[in-house]
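One chain, chain A, appears in both complexes that follow, with chain B as partner in the first and chain C in the second.
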Partner chain A sequence: MPSTLRSSRDRPFLPKIKKSFTYHSTTNRGLTGMKSKGKMQGKALFYWSILLPALIVMLWLTLYPMITVFLTSFQNYNYISGRRSWIGLGNYKNILADQVFLTSFKNTIVYCFSTTFLEVLLGTVLALVFYGNFRGKSVFTILLILPMMLSTMVVSSVWKTLFHYDIGLLNTILSRIGLVRVGWLIDPHIALWSIVLVDVWQWTPFAFIVMQAGLLSIPQEVFEASVVDGASYQQRLLRITLPILKDQILLLCLLRTIDTFKVFAKVFALTGGGPGNATETTSLFVYREAFQYFNLGRSSAASMITLAAVVLMSIFYLRKMLNSKEA
Partner chain B sequence: MASYVTTKHSPLFPIFMALILVITLFPIYWIVVTSLKTPVENILPVPTLYPHKPTLENYQKVLFGGSLRNLLNSVFVTTASTLFSLILGFLAAYALVRYRFPLKFNVVFLVWIIIVKMLPPVVLAVPLYEMFSKMKLINNLWGLVLIFQVYTLPYCIWMLYGFLKSLPLEFEKAAEIDGASRLQIVRLIVFPLVQTGIIATAIFSIIVAWDEFLFSMLFIRSPELQTLPLAIVSYIGEFETLWGQLMAISVLAIIPIIVFVRFVYREMTSAYSLGLK
Partner chain C sequence: MMKRTTMLLVSLCLVLSGVSAQKQVKLVIAGRDGDYGNAMQIAVDAYTAKNPNIKFDVLKLSGDDVYQKTVIDLKSGTGTYDLILIDDPKALQYQQAGWLTDLDAMFKKAGKTLDSDFIPTVIDLCRYPNNAKGKLYSLPFVGNVSLFAYRADLFAKYGLAAPKTWDDVLSAAKIISEKESGVDGVSFRGVKGNPILTAFLPIFWSFGADFLDASGNPIVNSPEAVKALKFFLELAKYGPKSTPMNNTAQVRDGLLAGTVGIAPEVWPAWLGKIDDPNESKVVGKVKITKHPAEVKKSSPMIGIWHVAIPAASKNKDAAFDFLTFLTSKETQKLMVLKAGLPPSRVSVFEDKDVLGKYPWYPAILDALENGVARPRTLYWAEIENTMGALVQEALIGQKTPEQALNEANAKLAEILK
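Here is the complex of A and B:
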């Protein structure tokens, strides 16, 4: 079904995103432009009432909890005893001096950026190599995107069997060809990278699809012109293709960073944060503090630090959106 | 199509392609193979590449051990939460596209949605848990449908916002001149026009809900209400992992997705090309 993929050319990728925050010119004037007062009020009422259900759910499920977390982060609150007392910045000082939290934060950053880097790199290379038509392309693409359709738990469990120290296939192969067995999930220096490997296996297909769509949205004429002008493949890649795809690559990086920063299920299933704290991530830390040690103050403070990191990361994204609104 | 990539004609191209396919598909093959092996064959010191004595024993155990229930739970929660999000998200997105709310509310709302999308869900877990236990929604599949809105609703609003934004205004104007009410316009004009967008959004929402683990783990207590990811983890968690049964459940979790991809592949690729994840 290569035609499906090519149809993305009709819907260029970036202009859509950039338009996100512009309004239709008529937005403020109503559909007909008639402005009787009763009609305006009826219109406001209509739009408020269709927005309201989603608004209530969002306020109730996200804003209210966020405020609670914010307030709790300044309290010493134990869920079991039910005692609460205000301790100001105590939790934050406590957390920021906690080696486990610092390790988990470092791990999350390392995991987040290395998976994103590898996935975007591999995805781009694959998209470049498999550009254009060849026999069996649509079947190939469907097979290639299977990993990202599987649920994380399925992916984690099969890799857990493959990674198994004694009976796993990877170690069997290694010892067969005369190398030493690797403690994929039990060696503190390697465990985090094993999880990175699993994520790269699962999500490179996503990067591949997005980059492929981006490549297909470049008009052929651009390449034809460069060929006529005698540009070599390398020149075309570095001077034309990649610069055109720059925004798309950035967006892809952003999507993957957001997603990998949240990592929980994969680590939970593969290593549970171990060995020691070698694969502890911030999500896991927050979870443990809250639901195993019932230290809600500390858990909330860790949550707020995570939120700050998320907002910091998203500033780039938000600024881009807000800029294009003014433009 | 003028080819500007020469690798296709090189003899390395098919080799590279085969390599990529093997890396991608081998773990999936391994899931199927492991699920067909006997328990003894699964813990041999040197794993066998194919089942020497293929058996359906694992599937039997898993299906009679309550996994069918888990599968149904997953299907129910995924469908219900997606439908709920789509309805709410569609209405909200339409309002945000077509009406400018006072105090820059549109921008504030969309920025909040992005922040929620980026936030690790575990951050919200504690207050939500307290809220839900007060409302007796813990250990309740409807409670799970509600809690999934934390993931699916921002997602649906954001994606549908993009699709509705690209819709030309003329159809709605014409309908209004013809005397259609606002509700009729939404139902009869806008809804059919963004159908593809709605399907694409539904696909993402389904994938997210099908995969959800954290809130399911925290909010579901009894085994008969567990969703598939929970059932899978409960097999990993045991002291001696039953690899065969674990993989049999995994196959159960894969089949609906494969069927699903088979039918929605077209919409999915066009949605991905919009990059509105």
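Here is the complex of A and C:
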């Protein structure tokens, strides 16, 4: 059942594009020998000339800096003094032995996976709830996606006030109902989770929207047929809905993992990496090395390590997504 | 007809651009936010009132931002900024790298001389090397120094004498904490990095500790330093629980709201409204002095900010004119009275109007003359952050004082290598 559904979802999508792209059909004809070779080269030249400006900009803005960072990561380079020398893997060895970097890497991983997991889970649950009909649904939907529209710095400032130990709303409520105050941002065991909470608050709406779009694209007939066949809600959810939404879920996981792995603004605004090193993240480490100490070699090496980690995780998700397509 | 209109328009444009190019100069200032920013704005407004042709773009940046932006710009020689503020411990790298305009030459060019009104210990920091014979690269924007504040009324209430040593402070904090409800014995900044280290340094130094020995090796894990940190942690017990997240705003507001008994580290700019009944609940109750002594004399931290002209500035003459205006006696007095910015000229400290508004100002002069400057090294930013992070780890109990300082010493050795 799911496989036929997937293809019925995919099929109307692809031909539409092909039809609207007349160039495609001419090239196809050219391939079958209807057009001369010169004309084909002309077409190729045309495509390249359209692509080239974008390609140049992309190479210049992505590839060039990346290569520079890669090369700098093998150097001892202090921007202020201008001292610059090749030291091979020195920076990498140094960083991987640095307790602050290791802590920040661990924190980043914990933060990244817990936020992604919670956001996708909550987003899916919310999308399922909002799939039903109830009064005030549209109002609630709008309210629900509001946090996503706010700037991260604004969100962080608001939450910083809410989290304040003495005058924050959360602790005021806790102490009113007779519970102990929580050191949201000052307890080293809790601070990271407080930042996770803020990210979940801000980005669950995104997961919700993506999942809702996925849900709405499932043809009603499928559900109707399954109801006729006597499937319970649980069966429909686990056997039909979630398997169909698998791609959406993987895509969401990929996007949120990449985004949360780079977390900077929230930590910067909420705790500055403190208390102690409890909320240090790799981006903060890179920022401090680069823009406060101007040790460009060390910061480049740290960014390369971060990049490698993100690429590895992305490959994992992408392979999952592609595999499910082929199956 | 069409042609003539176009011609007219073009010539009009040319004339206008010629006029504006001749007269309009725009000075870009990389300045600070908060009280420093307000003071700078007051000076800029006063200057534009007299010189309407000079336009200003005053950037109000955080301390980290101003450092980061100016280093990148000055190193690349773009000349974005015409005037920049520099935090004192970082001045050395700007002076050494040759990024700043030689002000001795500018004075000569303008036919002026530097007057002798600036506090000698302060103006020497603006020279490189730091003595009267060094070349002048900057002028002091603010004669800042950390101070010690306590509630004289509470001290009187509990029969406590004015604290002479840090031990007196500790016992007073204990008594106030226990007996006075709604008041914390002490309150200081505990955010990691610069804030907590700045709060700690007056104690660190007066306990006889220091950063480097005579040959430049780090000695921050000396017995004196460990003793100082242990004392600091003991003192913190009588502070608010939120100390590790508290910064300027929390300490200042607590002091003004009357919920703080002793603030062992305050800055003049925080105290501008201490005697203003609209803002303060403790009018006339707070005593401000230099820090207590311990085994060594009182050691307030000098925290002046320099103002300098980048060598790459394209409007050096205009910038220099504004610089002399900014550091003149009249402007300093204006900034003191309107924004509470501590001056760097002796005559302003002795001014009647200034003393009328801030009777506690002699304490600043006293503290500046006793002040200790942070070590002059190219790596201060790294040292400050490293040590500030470890002191905070000791504060929140993740490391013992010995562990924290041993680790700090090892890291400092690595940084200075």
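By definition in this document, the second predicted complex is superposed on the first by the 260 of 327 C-alpha atoms of A that agree within 3 Å, B and C clash if a C-alpha of one lies under 4 Å from a C-alpha of the other, contacts with A are read in each partner's own complex, and residues count from 1 in each chain.
As a convention for this text, a contact is a pair of C-beta atoms (placed from the backbone, for glycine too) under 8 Å apart; a residue touches a chain by one contact, two chains touch by 3 or more.
Given the structure is predicted, the values throughout are model-derived calculations rather than measurements.
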{"item": "Which superposed partner A:157 touches (first chain B, second chain C, both, neither)", "value": "first"}
{"item": "Touching partner for A:292 - first (chain B), second (chain C), both, neither", "value": "second"}
{"item": "First, second, both or neither for A:166, with chain B first and chain C second", "value": "both"}
{"item": "Chain B versus chain C as contact partner of A:81, first or second or both or neither", "value": "second"}
{"item": "Of chain B and chain C, the chain that contacts the larger number of chain A residues", "value": "B"}
{"item": "Touching partner for A:117 - first (chain B), second (chain C), both, neither", "value": "neither"}
{"item": "Which of chain B and chain C A:185 touches, first, second, both or neither", "value": "second"}
{"item": "Contacts of A:277 with chain B and chain C, given as first, second, both or neither", "value": "second"}
{"item": "Overlapping contact positions on chain A, where the chain C interface meets the chain B interface", "value": "166, 291"}
{"item": "Complex contact set, residues of chain B against chain A", "value": "1-8, 13, 16-17, 20-21, 23-25, 27-28, 30-31, 34, 42-47, 88-89, 91-92, 94-101, 106-107, 109-128, 131, 146-147, 149-150, 153-154, 157, 161-162, 165-166, 169, 172-173, 176-177, 182, 186, 207, 210-211, 213-214, 218, 228-229, 232-233, 235-236, 241, 243, 246-247, 250, 253-254, 257-258, 260-261, 265-266, 269-270, 272-277"}
{"item": "Partner chain C, residues of chain A touching it in the complex", "value": "79-81, 100, 164-166, 181, 183, 185-186, 188, 271-277, 288, 291-295"}
{"item": "Contact set on chain C toward chain A in their complex", "value": "64, 67-68, 71-72, 75, 93, 97, 191-193, 240-245, 378-379, 381-382, 385, 389, 392-393, 396, 398"}
{"item": "Residue numbers on chain A that touch chain B, as the complex places them", "value": "1, 4-5, 7-8, 11, 13, 16-17, 19-21, 23-24, 26-28, 31-32, 43-44, 46-48, 50-51, 53-55, 57-58, 61-66, 68-69, 72, 126, 128-134, 140-147, 149-162, 166-169, 172, 201, 205-206, 209-210, 213, 216-217, 220, 223-224, 226-227, 233, 236, 248, 251-252, 255, 258, 261-262, 264-265, 268-269, 282-283, 286-287, 290-291, 296, 299-300, 303, 306-307, 310-311, 313-314, 317-318, 321-322, 325"}
